[in-house]
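A single structure is presented below for examination.
All chains are identified by letter, namely A, B, C and D, in their written order; residue positions are counted from 1 within each chain.
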């Protein structure tokens, strides 16, 4: 099976109305090339599960301006002030989650967990409408798994089977999101032969990865640049 | 903080009535030196959370013969036929769990999850007395976290801070158990200086580990031998 | 079971595996399936924490810390990786394993399987069987058609405790291959030299006969 | 807040950290605490997936893929390690982080904290604040004593949405240090040159005064 694909080819997997997971903590560990290609794709009504929605007019922020996003699920949209504007105009639905709950729900989606109880958010506005349960004298909130049609993730290296390793804090949500989507596209800076990665160092085993593309845009000190 | 300790010294952390987690899948990845030392410790009424209870008269099987174990929580006791005898004589309480539920409950214990829903065991005898819930048309069972007073685990290497790396399938339950006990003792084959392990290859970060001991007994082709 | 029967069943099960699929093999006959598969195109997952299990090339040349779920020594295929038991079962429960091949004490005409406990005996082990049934995309049962006492293992309704509410997809025995489709058990293939009369005789379960029934040879 | 006040608060918070503890620093003043701690004896955890955060030695010499939870560049201390966001929050929720130092909009006399949302404004971010409150063994609040408008941030009852039902352990401002013990808010220390009268004047919350009150200098 040939998993190594062209960005232009694999991006067509995404369809209007899809739920997408997009890795990254801000720009760090975000699949910049795939996001860029997505801005040129004719789709709309997307639900985006990502910690942030980029910055104003940058990354996922471009998709927002293009009106392609129907709903955003994440923990910190403050970094793009246009998110609030779109929300106020009724153009965007927002589901704000504590960052730990967001990451745990993605893991649950990938791990076949039907729901879980966490103390996080119990007694706060984010728990409104959620089932609350007392366990050992403390209040816990029932949280549901998150799943997606497609996950766009970033890794440092892939072998041609799809085994992935990450780089420093660019790891973040990526190893979780690969587990929770029907189709997983990994953008990587380097593609190596099978056997070049040590079996002990592989963070994401290949069974989670459907397609591999090589990055064209990368994050440098001066910002996002062509590779 | 000096985490590197002598086996004879650190084993005294364990007290009668304690709940212990013991890593390993059979003998593979089991903390053989710590188990051996435990057989010489004057304790009883232990609850052991471990996939197996060793074999007849071997490993945890010695503790069983010594009458030190009150209750065993695990997924596969078939490998030690004396477990059934002790159970029939009313000398041992057994809590049998599907292996995936056991590992997930240990993770939940370490991750502050109050409970979770899994399809595994729904509709079977192992779900008897458990809360069942229909989620998206399928039955799920509510499972609770597992925690312990002390965890005895095995790793390949530790640095002196307590960062751990594992070896092949000797990894198994060990990285989960380090997260779910009040006091964690890691038995390792090699202790290295801080900085010698690559930050990307570390599987267990040091915050989970309280004490490090060097192994004296190891598993070789011919069985358990002195190092 | 005779070696020939085991070989017959394992080979037939091997033929069921699509290239590039992720496969988990249970203890017993299922383990033999690996012998008949090109392990560079099928990836074997073992629940104790590895993908990329490969057969030992020599019985003497093994690593005692590298074993499968049956605690038997294995070797490491190219592209293999390791993970902890929790991650391993997250893969299983989460639907990331394409095929699980399991043994059985009984399978019934609804597709329910019993493979972990015998009534009246202490229940001392369950292992990963329940999780594999919950999560594997396809479950293939490989089993002797009858028990040592000669009783059919393909029954109307399991009398042993079931392993899951999830129904299996395919049964392969030394006599026949049954498929479950639309809630019905359908006889799909006869093993070489086996007559339909023999299968009917040795099968307690009610089953339909496929229009396109094949006789293997 | 003046640079002097920030320094005063950060230094006082740094003094609270035991050797070998695992510490998570929030955005803002908390981040400054690292400057006053020997990072070879305290281990900084950042929720985006690292333990062993170390200060940058030069502002120009940074790696754009190595940042803290405030997305600011950091460097890698000796013995550091990386993990994914899920593992990071498992550490936090599971009680493995000894101390979290957080900023606040309000803290009330019960110890409840509001630090994520302002009534009447869109709520667009929460980040890891709720998780840190749920899980950290000890929570220290570092904050200006009063808001920009001069209103006390140490209030009788939070009027902003609370972040957690969990109560904080310590409040450090540029005027004073309060501890919560037995459900009561207790004034423990006065910052250099600050009078008890000034603290009473600028604190809306009711508080007790410790018998062993210290005046820092």
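What we mean here is this: a contact is a pair of C-beta atoms (placed from the backbone, for glycine too) under 8 Å apart; a residue touches a chain by one contact, two chains touch by 3 or more.
Since this is a predicted model, take the numbers as computed values, not measurements.
> Relative to chain D, which chain's C-alpha centre is the most remote?
Comparing chain centres, C lies farthest from chain D.
> Looking only at C-beta pairs that count as contacts, which pair of chains has more of them, B-C or B-D?
Most C-beta pairs in contact, of the two: B-C.
> I'd like to verify one number: the distance from the centre of chain B to the centre of chain C, where each centre is the average of its C-alpha atoms, in whole angstrom.
29
> Using mean C-alpha positions as chain centres, tell me how far chain A is from chain C in Å, no decimals.
About 36 Å, centre to centre.
> What whole-Å value do you get for the distance between chain C and chain D if each is reduced to the mean of its CA atoms?
Their C-alpha centroids are separated by 55 Å.
> Listing for chain A: what residues touch at least two other chains?
Touching at least two other chains: 104, 107, 111-113, 118-119, 166-168, 199-200.
> Where in chain D do residues touch two or more of the other chains?
76, 82-83, 89-90, 92-93, 134-135
> If two chains touch, include that pair; go through all of them.
Inter-chain contacts occur between A-B, A-C, A-D, B-C, B-D.
> Any idea which chain B residues touch chain C in the complex?
Of all residues in chain B, those touching chain C are 25-29, 51, 75-79, 83-84, 87-88, 94, 96-101, 103-104, 106-107, 118-126, 139, 166-176, 203, 219-221.
> Taking the touch rule as given, give the residues of chain D at its contact with chain B in the complex, in rising order.
It is residues 19-20, 22, 43, 45, 51-52, 76, 78-83, 89-97, 134-135 of chain D that touch chain B.
> If we count contacts the way the header does, which residues on chain B are in touch with chain D in the complex?
Within the complex, chain B contacts chain D at residues 1, 107, 109-113, 159, 161, 163, 179-180, 194-195, 199-200, 202, 205-208.
> If we count contacts the way the header does, which residues on chain D are in touch with chain A in the complex?
Result: residues 46-50, 62-67, 71, 76, 82-86, 88-90, 92-93, 117, 122-131, 134-135, 161-166 of chain D touch chain A.
> Which residues of chain B touch chain A once you look at their complex with the stated criterion?
Those in contact with chain A are residues 104, 108, 111-119, 133, 135-136, 138, 140, 165-168, 199-201.
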